[in-house]
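Per-chain residue numbering starts at 1, and chain names A, B, C and D are given in the order in which the chains are listed.
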Amino acid sequence: MQKGVMRPGHVQIRVLDMETAVAHYRDRLGLIHTHTDSQGRNYFKGWTEIDAFSVVLREADEPGMDFMALKVLDAATLAARKQDLIDYGCQVETIPAGELDGCGERVRFDSPTGHWFELFAEKEQTGKWGVGDRNPDAWPEDLKGMKATRFDHCLLYGDDIDGTVDLLSSVLGFQLAEQVRDEEADLRVAAFLTVSMKAHDVAFVRHEEKGKFHHASFYLSSWEDVLRAADLISMHDIALDIGPTRHGLTHGQTIYFFDPSGNRNEVFSGGDYTYPDHPVVTWDASQLGKAIFYHDRQLNERFLGVVT
Amino acid sequence: MQKGVMRPGHVQIRVLDMETAVAHYRDRLGLIHTHTDSQGRNYFKGWTEIDAFSVVLREADEPGMDFMALKVLDAATLAARKQDLIDYGCQVETIPAGELDGCGERVRFDSPTGHWFELFAEKEQTGKWGVGDRNPDAWPEDLKGMKATRFDHCLLYGDDIDGTVDLLSSVLGFQLAEQVRDEEADLRVAAFLTVSMKAHDVAFVRHEEKGKFHHASFYLSSWEDVLRAADLISMHDIALDIGPTRHGLTHGQTIYFFDPSGNRNEVFSGGDYTYPDHPVVTWDASQLGKAIFYHDRQLNERFLGVVT
Amino acid sequence: MQKGVMRPGHVQIRVLDMETAVAHYRDRLGLIHTHTDSQGRNYFKGWTEIDAFSVVLREADEPGMDFMALKVLDAATLAARKQDLIDYGCQVETIPAGELDGCGERVRFDSPTGHWFELFAEKEQTGKWGVGDRNPDAWPEDLKGMKATRFDHCLLYGDDIDGTVDLLSSVLGFQLAEQVRDEEADLRVAAFLTVSMKAHDVAFVRHEEKGKFHHASFYLSSWEDVLRAADLISMHDIALDIGPTRHGLTHGQTIYFFDPSGNRNEVFSGGDYTYPDHPVVTWDASQLGKAIFYHDRQLNERFLGVVT
Amino acid sequence: MQKGVMRPGHVQIRVLDMETAVAHYRDRLGLIHTHTDSQGRNYFKGWTEIDAFSVVLREADEPGMDFMALKVLDAATLAARKQDLIDYGCQVETIPAGELDGCGERVRFDSPTGHWFELFAEKEQTGKWGVGDRNPDAWPEDLKGMKATRFDHCLLYGDDIDGTVDLLSSVLGFQLAEQVRDEEADLRVAAFLTVSMKAHDVAFVRHEEKGKFHHASFYLSSWEDVLRAADLISMHDIALDIGPTRHGLTHGQTIYFFDPSGNRNEVFSGGDYTYPDHPVVTWDASQLGKAIFYHDRQLNERFLGVVT
């Protein structure tokens, strides 16, 4: 957090049919459905999140991610980072406060991998859902489905991942926590970046097309909750990608599946922690299968090929 | 246990190389290696098992199962069931006490699916390993690998599974706890049989060849131990079949992998219980994928095709 | 199950106020509330139980247990055991079918510790709640509170526990699985009895008064569910006795608390299994604290003194 | 981490007998014993920690904590914070590099509660024990006892906790994450401070004496590991304080016990996360019992009274 960027703040995801999408993110993932705005977008949050929302669904003709936003410490930081982004050469656009209900001004910028990111400093704080901050109970009893606790990170696919790593590191203070390297080709195949103790706040995999969305990920409380998520996937006939399993990278315990529009979701628990003085954890490309799916030790084609 | 048959007592498995096999069952599965007999066979048990052994490895030119044995209440029961088996028309052979070190007389018989089973009433009792039966601690500290607690059941493949179900039910008191049925073909595709509260003490899947061995299964204490087992499979580069996942049948939490000779092993936790008055749980053959692998909801080819 | 007794079938518990009691057993323990009969008694079951009910609450002036019932294999077994009980010298009374809605004829008998037990062979079978027996899902989604899976056992306090052990063993085929012995006084202090693989289907602790009820116990799926139960106890300000902890006896993972009438409840997971050929597990009275509460290694006064 | 302070780096604990202490921290807590220095001090680390050590034991006539150290980003930060501490009015002492083997220069300072803290920027990095940073496996197989993953935080008792909160906040960038307040007396009873996402990196409880040590805490991977820790405490007859249970403050899952010298240890899993924009979580002093021990909802006397 050395440049005042705190965490992923929200992600706006395109869905083909709003009704089934709302049901999926609310009843299956168990996010709290907080709001529908005047454009028909729907807002959600994990129950442990302080801010008013962290996921926005927008109905569109094709699935994918519109943008991912990062919350910064305060307005001064926002202004400073905006200037830094301009100086770095990004396309920078300011979205006025209120374009997303409850959210302050957002600074939107592009990246070498073709993804749109945003910074913001202000969002309405509604507190932890169902528990609050005065003598808070351990958890609220009325959670649904997978009981996702928070929006955790995105994994994005694009071509110039070294460019995006440089942008996020040098301008926004991200740390490269883990990576996959093809030493023969002298190529970084994947990069996991963090502004916190989490092993990743955003991650990238090298891919020929720009601007692709691999998945949005949500945090669960335990490996047992990963099992319950897997059970729910089967009970509700949700398209499974892979899991329950563990990642080699970050060692998180995970399961992947698809929302009704074909966007991939992850729920996971555990995972390594990092600090600024930690060496980069490196996986060799020759072990990419194990790096991604620690138990199977081989990639399925969907993981590399299916993005939105 | 209405005919005095208590539980699976042991399984004798053929392995291609004894040294690597001993290392696998001892250091990876975490069975207690108790003994090597004068024929060079190696004996193992899970730490919670009272009897002296439950797994016997025999070096041979091809993998597979020699026989699976069931322990009965006492010598009188053994004699009575022997006569019942003869009356039923089985080939019955008596193996003298001591042929397996520490085991009393065994009554061996064939089955319509071409598997050899045994009954025995006496085996040396060495008690729960590392804890005993006086003020026993919760678990012994020196367990290795997956910490398998007991030999639990076998899944066997063969042609006339209705014949074997009839034999085990009518002569030995087994209960059909769960099954897979192809209603269109009026065919039972799989049968899970028990003499206890466990959802299966032995199970069968219909298969064109006789006498095939799908897997021997070992019980773990928790879903977290299934994760640790999966991690160990990766750390030691053991051939994974599938998992961690859950079964639809029995709802056990499971992972499958192969010993160095190609015999399939399962370790699992949880699973349903049954009683004699419980209705048979039936899965439709159209849902066979979900019945076997509850999360993936499709079979991998290995599960149906690879047997020893 | 050598005398055809299968399992605990139901327990009738006296409560001081029916409304709060129903809310407790339904919303906190998470039992399925199935029925109110014409006498105003309320019926419940755990979701995995096949039979129509396993817990009956009766409003009365003081808390405690009216009786605990055991289900036998069939009507012939019921008749045979009835005669055996008469021959043994018990007071035996026949309760006609329908006195409890959905339950067949019950044979009620007294015991040397002053508790009333019942046998029955018939009860309406409503199947596993929310999943059934055709392609059953792993669990139903609408469970409440602690999600208790089944009524598991009772622990009863009384004076002549050796007498009751003899009655249950010799007439009903119970096995003494575990015990606490005071070797100096040559006295059995506690006895854990089973007719199944479970470490106890009913248990007794020596106590000066006859006919006392220590607790009814309900089974949970995992140690994590014990934590969730503990959390719910705190969230709803339920009177805690002790836990989460482990027992030395049976090694189950447990928490004790009180219903609004002062009856003690237990929910637990795990625990040892037993078979008829297993030696009795014995704890020395000098280690009674560790035998009961494995972590604290000392009894709280409530455990010994508070019964209903 | 707004002032460049990253995390707790080490704690030096006084023990009465070195041999039994080493056995406790190595074989029971499962810390990696890395080193004995020329003064006879013993060094340990959790297996996930990058730095060469995090716990130092010193033999002395009475138990307690000598000092707790915080690692900062770099030498420049160390120099800046040193000046800030002097300006704030602390007693500041510089300990030369090498006084602790493998550790660079330390800046030691006192605090209003009478505890000694240190800052340092350099320590030998030996990497995660048994896994490294190239294709790292999920965990090393040779861990002992409770398998503590890292030194996590200390809880300290002293009089002027508002003074220490001010010092750590204003000079070192700590955030007040959680607190207990007695609103009637307008008094802060406890303060939980963090420089990271963790709910506490150091915590304080108001107490009449200065400079007291309540416990050092170590992180475990899961609630199941808390159970295993509890079992080990019983198996090895370690003095238990309380647990397994959950805290209300931070909601961590925990167990407390004592080392052979009477110093309290905690191992815990889970727990809330925080960010700089999170409101302070406040517990009312009237609910102190629930705040500390969420399930029991009452303090034991040891928790308030026994410190070293």
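The rule is short, and it goes like this: a residue touches a chain if its C-beta (ideal position, glycine included) is under 8 Å from a C-beta of that chain, and two chains touch if they have at least 3 such contacts.
This is a predicted model, so every value here is computed, not measured.
Touch-path distance (fewest steps) from subunit B to subunit C is 1. Although subunit C and subunit D share one sequence, what matters here is the overlap of their interface residues, and that overlap exceeds half of the numbers used.
Remark: among chain pairs A-B and A-C, A-B carries the greater number of C-beta contacts. Each chain gets a centre from the mean of its Cα atoms; for subunit A and subunit D, those two points are 31 Å apart. Distance between chain centres (mean CA atoms), subunit A to subunit B: 44 Å. Averaged C-alpha coordinates give centres for subunit A and subunit C that are 48 Å from one another.
In subunit C, the residues that reach two or more other chains under the touch definition are 138, 222-224, 231, 234, 246, 290, 294. Those residues of subunit B lying in contact with subunit C across their complex are 1-2, 6-7, 48, 50, 71, 73, 125, 127, 133-136, 138, 196-198, 221-223, 246, 248, 251, 270, 272-273, 275-284, 287, 290-291, 294.
Listed in rising order, the residues of subunit B touching subunit A in the complex are 223-224, 227, 230-231, 233-234, 240, 243-246, 253, 255, 290, 294-297. Across the interface of their complex, subunit A is touched by residues 137-139, 141, 222, 224, 231-232, 234-235 of subunit C.
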